[in-house]
C-alpha cells in the first residue's frame, strides 16, 4: 500500500471542512472587533469576585484593615472592565444580525449591567456569608470557617451560581451558563443559573449534584453528593421539540435535607422540614416534615 | 529530641528512592530523543480539533467565510505536527525494547496515522453535528445551538471520545485513554475509547456517567447523570487475574433513554426504544420498548 | 431612566465592602511576610512527588538508571523548599494571634515536618505500588501498569490522599485538606485526609466517591464510582452545632468490594470479604463474607 | 531611634503621590474602554510582520509552498486586529479631549490605516529584500542570506523602521516611535521613524548609530557602528524652547559610506559616492566622491 | 574513531565540575530559606515604580483622579513586599558568614530600608519630573511630554538610576548595581548608582553613554549618545590591585552640554555653562563657559 | 473616497505575498519534523550553561557542596537535549538539499557535537574564571567577585562568546552567531564567534565594542566601551562581492589596553603591552609597549 501524502490530504481536507454545507449550525461568525466569550476572562472574573468577597483568602497578597480599600478598589475596577467585555460578548453572541449602529448601544448596556452587578456585590457577600455558616455548621469535619472558605467545593459552586444568577436576572445571555459550568467542571456540582436558592444553603461533598433551571429552593436547605433535582419529562411542541420555559423542576421548602444520590423529579413540592433519604427516587409531593427513607 | 538535618536525610532518601528494587514496575525508562506523552500537547490537540470542527466557537480569533480556509489550513498543519509526536510517544511508550533501527519506521507509522485521523475530521464533524442536535433537542433549558456547543459538558466529552475512539481504531496505544480521561476530569463523564457509540448521542448534565470499554450504543440514545454502563463481574485466569478483551458491558439499542444514577451491568441488551428509570439496577436483558422504573 | 455612573458606584461599593461588620468571619488577615497557602505551590508539590515516586511517568525529562539520582536529588531539594513554605502557611493560617517571636519557632517546625515527610517518601512509594497493582488487577481494560500510572484517576486521588494523610498525621493544618480537594476537583473522588486506608486499595472510575474523615479501610478493598462511605447523623452540642471528632463513618475490613453508587452510612462495620451491591443503602453492620444486593 | 511603621508611611505616601499638583504633566488619564499602547501587542505586531515578510525564518512553524497561503492569511488577519487596536491607542493617546461621539470615527480611521499598512506589505518586503542583499554583500563574514535574515541586528532595526515610517506617513501618532525604540533597545540602532531612507541600505554591527528625524538617505548607503547623523544646534522660539519641524539633520546622497563613530551634524549634504572615515566630525557639505579621513 | 557515550561523559563531567578546586571564587553558597537576588523581581520593582511615578503611562489599567489612590495603594504594598525581599537578598549576598541569629535583624533592616525608599518616592517623582521637562525641551523631535515618558530611553535609565542611587545611599549592597545594569542593557546607557546627578538632567539617544561611580553632575546638564565620563587611570595598592573608593571621575557643573562620543576622563571639573564638542577627548579642567570643539 | 474593505485587501495581499517571485531569497523551507533554530531554546542553553559554570549565581535554587552534583547532573542532561536539537537545527538550516537518508547521520553528528561541547565545560569554566578575575582587578568600582559575576555585562558577553567559539570550532553553522548576537543585544558588545581571545580578557562598560571575525587577541587584554577592532577594507571578487575568509582584523598581543571609542582597523599588530588612547584611529602596526594618544 502506498503511503499518504500530507500536503494532498491537507489541501483536500481543508476544502471539505470549509464547505458551507458541512458547517451548518456549527459555525459562529463573530462580528469583527467585538469581544469573544473568553473562559480565561471569565475565570479572572470569578477569581476577582472571590477575592473581593472573601478578602485575604484568595488573591496573592495579604490585606489588612487599612489597606483593604485599595485592594477592593483596584479589584472592582478590573472587574468592571472584564465584566463589561464579557457581557458585551454575551450580547453579541446572541444577536448576530443586529445593525452596526447598535454597537454603541449594546456597549452602553453592557457597561450598565456590569455596574449593576458590582453594586450587588455587598448583597451577594451577605448571602454567601450565610452559606459559609451553613457549610461550617453542617460538617463536623470542618475545623474552622477559614477551611470552609478556602477549600469546600460548595463555596466555589454557590459563589459562581450567585453571580451567574444575578447576571441572568439582569438579562445577560450565555455568560451565566458558562460561569456555572466552570464550577460544574471544578466541583462536579451542576447548578443552573436560573434556579432560585435561599440563604443558608449548603451541599456536602457535592460531586454529581444537579439543580435544574426552574428549581425553587428555600432557606436552610442542605443537599448531599449525587442529589438530582431534575425534570421528570417535558411536553413537546408540534415538531416534537421540548417546549422551553415551563416550570418542570422541584420546589424545596425551607429546612429540607436531601441525602446522597436521591433523585427528586418534576414540579413537585418537598414540604418544609422534610428529610429525603439516600438513593431514593421521589416524583410526588411530600408534606411538610415528611421523612422519606428507602425500605430495604 | 535532636532535630533532623536536611542534607543527611536528602542523601539517604535519594539512595533509597534510587534503589532498583524499590522502583520495580514504577519506573519508565524512556528512550533518549523520543517524544514523551504530554498532557499539554494533548490539550492543544483537543483545543485545535474543537476549533476546526466548530469554527468561531473555540480559539481566540474571529473567522468568516472568506478567511476560514486560512484558519483551518494552519490549524491542521499544527495538528499534524502535534499528533505525529504524540502518536509516536504512544508507540514508544508501549514498545520499550524495540531495536533502534525501528525508530524511523515508527515515526513513519506515526505520520501515516496522524494523516489518517486528519482525513477523518470531516466525518467526525458530521457525527458530532448530530450529537449537538440531540443535546439541543433533549434539553428544554438549552437556549440555542451556540450555547450547547460553547458550554455543554457532553459536547466536550463526546468530542474527546470520538477522536480517541478513532485513534484507538487506528492502533494507537495509551494516547486515546489519556484523551478520554482528560474529558473525564473536566466533565465527570468517563467514556472508554473502546466503546462504540452511534449518532445523535447525548448525555444530560453528565457527572458520574461511566461507559465501559466494550459497550455498544445505538443511535439516538440519551443518558442522564450518574448512569453506569458497566461490567457485572469478569472471569479470572489461572493466576487470578482478570482475562482481558472479553465483551462484558451492555448493548443499548437505538432510541434508548437511561435516567439518572441507573446502573446497567454486564453483557446484556437493552432493547430498542426502552426507558430505564432513575436509581435503578439492571443486570438482565430488556425487550424493546420496555419501561423499567423503580417500585417505591 | 438615568444611567449609572461607574465612579460613584465604585466609591460607594468599596466603602460598603470594606465595612468591618460586612467582613465578619469572611476576612483573613495574614501576617505580613508570612507565606500564604498557594494552590500553585501545592500543585507543584504534588507534581514533584509524582515525579519522584513514579520516575519517567511524570515530569518533562527522560531518566535512566545512571541519571536517576541527579533527578531525585534536585526534586527532593525543591520539594523541601515548597513543603516548608506551605506547611508554614498552614501553621500561620491557624494561629493568627501567635506572638511575633514565635515566627522562627514555627519556621523550624515547618522545616522539621517537611523533612519528616520527605523521609517517608520511600514508604509512601511502597504502598502506592500496591495500589497500582490493585488497580491493574482489578480492571480487565487496563493494558499495562504504565497506563494505570499515567492516566487512572484513582492513582491521582490515592497519591494525593497518602501524602495529605501523612501531613495531617504530622500535625499540619489546612494544607492536607487542600491537597485532597485538589484531587477531588480533578477526579471527582473525595477522600478526607483523616481517613485510614490499607494497602492494595483501588477505586474503579471513581467519580462521586466519598470517603469520610473517620473511615477505617482495610487491605485489598475495592470501590466503584459513586460509592459513599458517609456519616448517618451526628450528635449536636448544646448550641445545636455538630460535635467535632466523633467516629461516625464506616469501617471496611479487608477484601471488601463495594459496587457503584452504594451508600454506606454511620460507624458500622462491613465484615471481611463482604460484597455490597450497586445502588444499595447500608446502615447496619454486615458480617464477614456477606453479599448484600438490591432486591428488585 | 524608633522604627518606621509601614502602614502609616503607606497611607501618607499614597496621599502625597495622589495629590494633583504632584502629578502635573506626569499623569495620563486614559478614556475608559479605549485600548492602551501596549509594548506586548507591538512586539507581536513586529513578530508577525517579520514572519510574513521572511517566511520560514521567524515564527514557530515550518511552511512550504503549498501551505504558505494559509499561514500568511492567518497572520495578516491577526496583524489587522492588533494594528487596529494599537493605531486606535495611538490616536486616543494624542487627543484626550475629543468628544465621545468621535470614538467610532477614530475606530474607523484606525481600521482604514491598518488596512493601508497591510496593503503596503508587499512593497515593504521588496525594499527589505534589497537591504538583506546589501548587508550580505557588505560583510565578508556573512555566510549566507539566511544568516543575515536570522541574526543581523540591522535587519531587525530596518524592518522596524520601514514599518514605523509607513505608519508615521499614514498619520499615526506615538506608535511609530515606540516601534523604532523597541529596535533601538534590541540593537542599539536608533533610527527616527521620520527619516527617509532609500533601498539597499545597511549598517554594520550597528550599536550606537543615530539617524535623526529629518535625515534623508539615498540608495546603497552603508553606515558602521557608532555613526551619528544628528542636529548641530536648533533655533529656539521666544520662550527658549526648540522650534519643532525644522529640517536639521544631514542629507546623504546615493552610495555614501560612513565609517564607525563618525559624527555628521546639521542640515548638510554628503555628496554622492563620498566616504567618511572613522571617528571623524563633519559639519559642512562634502562634494560628491569626497574621501574625508582623520589626519593623525 | 569510536563515538562518545553521553552517560559516561555526563558522569565524568559532573565530577570535574563539582570539584571544589574548580569552583573557587565561582560558587555562591546561599543560606537556605533566604531570598535570592532575582532579576524577575527587580524588573517588577522597576515596573511598579514607573507605574506609581507616571500614573496611566505604564501598567495595564486605566486610572482616573478618583481611582488613583486605590492603584497607588496596591502598588506600594506590592512594592514593599518585593523591595523587602530583594534588599534582604542583597544583604545576605554580601555577608555569607553572619550568624543565623542575625537573620531576623537583617530582615528588620530590609523592611526599614524598603519603607525609607517608599517614603522617598514623592521626592523621586519630583526630580524625575524635571528630567522629563529637560528631555522634552531638549529635543525638537519630541511631540509631547507623553511621548517622552512613554518611549525615551533616558527616562528609563534615569528612573532606574534615581531609585538605585537612593538604595545605595541607604546602604543596600549589590541590588542598586543590578538595577542600573538592567537599564544599561535596555538602553545602552550605563550610569553607576554611586554617581551624583542634579535636576533637569537629560541624555539624547543615549546608547554608549558611561557615567562613572564618583561622577558629580550639576543641574541642567545634557549629554548626547556615546559620551564617557570615566576614570583616567587609578592608583594601585602594593599588590597591584586598584585602590577602591578614590574620587576618579569628572565633575560637571550646572548647565554643561557634552556632545556625542566625547570622552571626559579623570577627576577634573568642567566649569558651569561649558560646551564640549563631539568626538573630543578632555582630560583637564575647563573653566566656566568654555566651548571646546575639535579642530579639523 | 470610499473606504477599503479588509477582506478584499486580505485576499489580494495574501496572493501577492505568496507569489514565488516575491519570496526569492527570503523564504526558508524547513524540512518537516526537523527542529528549527529557536531563540527561546538558545536562551535556555545559555542560562543553563551560566548556572553550571557559576553555581549559585544563576538559576532559581540554592546549592550547597553536598547537593551540587544533583544540580549539575540534571542541568547537563537538559543541556544535552537542548544542544543536540539546536545543533541539529543549525546543520539542517545550512543543508536544505541533503537526502532524507542523511537525517539520522546528522542527528548522530549533532549528538556527538553536543557531547563534545559538554566535555569542554570544565575548561570553559577555567578560562572564564580568569576573565572574572580580570574584570574584578580592572575596576576599582567592583565591590567583590560576586558582583562581577552577577551583573557585569562583560561576563555575559564573554561567556556567550566562549561557548559560541567552541561550537564554531566544532563545525556548527549559524547557532554560534545567534548566541553572540544574543549577547550583543543584551550588552551592546559584539564579539564575532570566529575571533580568538586569550585568558584574563576583560571589557569595561562595553557598549559599542566590536571584535571582528578574524581578530586574534592575546592574554591580559583590556578594552573599554566603544572600541572597534574592525576591517579596514576588503578585497572584492570579480563580481564585486567581498571575498570571504581573508584575515582582515587586528592582532592584539598580550597585555594590551585600548581606551574608549578607539578604532583599530585592518590586519595590523598592536604589540605587547601597548596602550591605545581614547577616540583614536589606528590603521598601522604599533610596536610593543607603544603609548598612542590623541594630540589635542
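For the reader, a short list of remarks on this structure follows.
Note that the chains are named A, B, C, D, E and F in the order they appear, and that numbering of residues resets to 1 at the start of each chain.
Everything that follows uses one rule, which is that a contact is a pair of C-beta atoms (placed from the backbone, for glycine too) under 8 Å apart; a residue touches a chain by one contact, two chains touch by 3 or more.
Not measured: the values here are computed from a predicted model.
The chains that touch both subunit A and subunit D are B, E. Legend: contact pairs of A-D compared by residue number with D-F, C-E or B-C; the interface matching in over half of them is C-E.
Separating the centre of subunit A from that of subunit E, both taken as means of CA atoms, is a distance of 51 Å. Taking each chain's centre as the average of its CA atoms, subunit C and subunit D sit 56 Å apart. With centres set at the average Cα position, the gap from subunit E to subunit F is 25 Å.
Among the residues of subunit F, those touching two or more other chains are numbered 6, 10, 14, 32, 64, 67, 69-70, 72-73, 77, 81, 188, 207-208, 226, 261, 279, 294. Interchain contacts (touch definition given at top) occur between A-B, A-C, A-D, A-E, B-C, B-D, B-F, C-E, C-F, D-E, D-F, E-F.
Chain contact summary for the complex, subunit D toward subunit E: residues 3-4, 6, 9-10, 12-18, 20, 22-32, 34, 36-38, 93-94, 173-174, 177-178, 181, 184-185, 188, 190, 192, 194, 207-208, 210, 212-213, 226, 228, 230-231, 234, 241-246, 248, 261, 263, 265, 279-281, 294-295. Residues of subunit B touching subunit F in their complex: 7, 10-11, 14, 32-33, 64, 66-67, 70, 81, 84, 103-104, 107, 111.
Interface residues of subunit D, counted against subunit F in their complex, comprise 52-57, 60, 62-65, 68-69, 72-73, 76-77, 80, 108, 111-112, 115-116, 118-119, 121-122, 125-126, 128-129, 132-133, 137-141, 143-147, 149-153, 186-188, 205, 207-208, 224-226, 259-261, 277-279, 294, 296. Only residues 61, 67, 69-74, 77-78, 81 of subunit B touch subunit D when the two sit together in their complex.
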